[in-house]
């Protein structure tokens, strides 16, 4: 069995936690409040979200787990702080990334923190470590993996920065959109929508969103999409080539994870562009 | 003497041209309309600008020139076109970059077209080649060095894309501004102002402009500057460090070319940032 | 039908050429010696090679062709030279790349010359243009697409630089091998072998070659392979993981083009590495 | 006063240490053996070196220090190890970098670990922290800042990897030497010599070393220099331009830190090259 509690010393004090008891079974249980080390923090949860990946996990996507506390994106206040944490103090209002890398690992040193200590090794919460659907949760490498929330930003706003915004924005950054370029975004679930918003902020002049749901199309336009390609009504590739006068787009962002969208992304990207 | 006409066959047809006759002397003279080759274009000038560098050249900054046609940024219509030019036809309304690289040169192949065939070798107009302050002018490698102007853009707008916008925007691109980052721009003459505009479009959340002239400050704000540091009233470095809570900026853009601004750019950029 | 002669003016002088007459039929025919333009060169062939891709083309891999002169890698002497070519003169001994990009194209300006004016648009010879299995052949953008051969290098050595060495070396460059890193090369046909040699020259401390043929294994070792993984005798992924103490390699080079080798390349590359 | 002991809990056990007592005064004193935390290590010194920067420090280059243990490059065996260190155990023979970054800091996350938590913030030993000229020394972030020494490498060999080799090799990596390119290295003290060796390993075909001392010239040739430019006998820039047929070098490495060598590096690098 996976020992996802391996680096937590428990405190003996009891809190409530929403857990995956085993595959296809969840519940609220009593757990001990975790304890942290010198570089770590213990956070009192104020706002947290469930991610689609939480539901996948409960349904067995990554194998069996026992009494694993779920949750994906979290905001809270610092409850206890390690003696070597420099940038935070008890009471600070903070947001924690869904991905909490080991920053000293070889992969992080090579510029790929998400892959620290293993493929997707930066993904610990609700995978190999108890997460934020509990009264308190633990943060490793607190100086590196937490950010203070400005007074002007509410908890329920900040919580979206932990995964949806950061993942979508990074997709837009990796797309190397030239200033004034054209970007195609495949799928506009939260990450795709934030890839649209990120592309807009990074200087894309024209953003083509591939989507079919009316509500998502509405949101996509609101976040900056200039053109919508409804893959149920038209041929995606033909339509994007038509919209770009046969040139294709400079940058494609694949935000779904299916083979067909990857292939379409390749097909609509101009020679020399970025996928 | 520099043979800046080396690759032009003249046509025998006369036009008017504004030239640098010699250092500190200009005038309007009769010149033959140039002729182009297979990959080249001959442009009928409609709109053109003088650059500060034109005045420097006339005052001797780059040495003696004889009857060199001046001009820096140009818009026109295609008058004659080489038989191997693929993307343009006679009558097209086009803008030409102030820098017209030799795209096959070693430097261009290495990603530095401005340095093609020599340091600043991409700078030909009003340097080693007759430029656009004439009825007609010549474009080398027409497919690579011209761009069509959309109908919605006027000549007098497009002409700013030839140098001020492209140079300022490239400065902003090279500054590797992280999404939401802070940028300091030193000097807001046209290139600096366009670096402000480019930084804004590329996702800078906070742009600090170092400037003193009231009109330029007004324009800088209009183009996206959030803070103005007037170097005549405050210590530039101290003020920028104060504005960034002692952290410095992620990216600095030096758009003046003086030693003091370079040094200040280094001083205000945070460790790990880009200058 | 593809007009692969589109930019050649013929000279009326007859030469011999080895052509693909149509799919599955080749022969030697009389052809006119091509003529070049201002930036171009006409080369008298001295040494040339057939590539596997030539045989694929003859068997119909890229569609029908009519009397297309074949050949892939070529060395020759400059026979005629355009008036605007700066770096070469008649009589120079030169090598020409199998890929002859249009260096001013958008894709080349974006750093991807092989994709100039279309996907794989830099690949012209024996595709959309007559190649070097003839007494003479034509070179576009001669300054950019030819290189002089030093006296110390023989024709039959230089000809390997046109494709095998340049493609294999570029694979090694793109692999971003850290100094002292471990590289896995899948397949050691000529390009794979040159990827091994390139990895060695670029500082790889350990090169693992996946290969089965005894002769190729011998050559692979000669070019720098430290370990051989014979995919017919062992499980490729298991063996590479064992050779790297379970860590995987920093860089993988896939030089075959099959799905299984791509997947294995992903599997054996450490998190944070390059494929 | 700088509190360079800030994160060390002392153990009460006494060892000998060679210290800078104050500016221009050194001596051997009794000190307590340091204690480490969860992610840290305590090393029993076996081999260590003095760097020129140690002598600069003693002479006041970075300001006053009191009883600061000196030393720059160190090899030792793990004496105590934190409970969260994964990759090392007591008794391991290890080498520690002269630079020991805080890998979670913003600068390290941005790819510049040497600048973590301040300009040159990665430089702690014999600057803001007691170093290795003592029986024992302390390592922060042990998993990230130590490396095991293979059995085939002796202590007195491994110790050169901690600064001279790693700094010189990184200079060569940053020089972006194209495979087969020409590199000029200014100065061949240890870091310069290792930049020569690194350039050789990274595929430079021709390495020009600017140096004057006969012994260093001998070593430079041994490490891979193809040409020596003795700046006391010839004009450095003229000679390098002559050696490169007027083209200049693709890459320059400035390893001295003087204004003249920086300017010469700029002058001899071809347009489009890297300095």
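Letters A, B, C and D mark the chains as written, and numbering starts fresh at 1 in each.
Note that in this section contacts are C-beta pairs under 8 Å (C-beta built on N, C-alpha and C of every residue); 3 or more make two chains touch, one makes a residue touch a chain.
Bear in mind the structure is a predicted one, so any value in this text is a computation, not a measurement.
J.: For the interfaces B-C and A-B, which has the higher count of C-beta pairs in contact?
T.: The comparison resolves to B-C.
J.: When the C-alpha atoms of chain B and chain C are each averaged to a single point, how far apart are the two points in Å?
T.: Chain centres of chain B and chain C, defined by C-alpha means, are spaced 38 Å apart.
J.: Approximately how many whole Å separate the CA-defined centres of chain A and chain B?
T.: 41
J.: Can you tell me which residues of chain A touch two or more of the remaining chains?
T.: Where chain A meets two or more other chains at a single residue, that happens at 108, 111, 117.
J.: Hey, how would you classify the chain contact layout here, line, ring, star, complete or other?
T.: Shape = complete; every chain linked to every other.
J.: Under the stated contact criterion, what part of chain C meets chain B in this complex?
T.: Against chain B, chain C makes touches at 7, 37-39, 84, 86, 102-105, 108-109, 111, 113, 117, 141, 143-145.
J.: Mind pulling up the chain C residues that touch chain A in the complex?
T.: 106-108, 110-112, 115-121, 178, 270-273
J.: Which positions of chain B touch chain A when the two form their complex?
T.: 169, 172-173, 179, 198, 201-203
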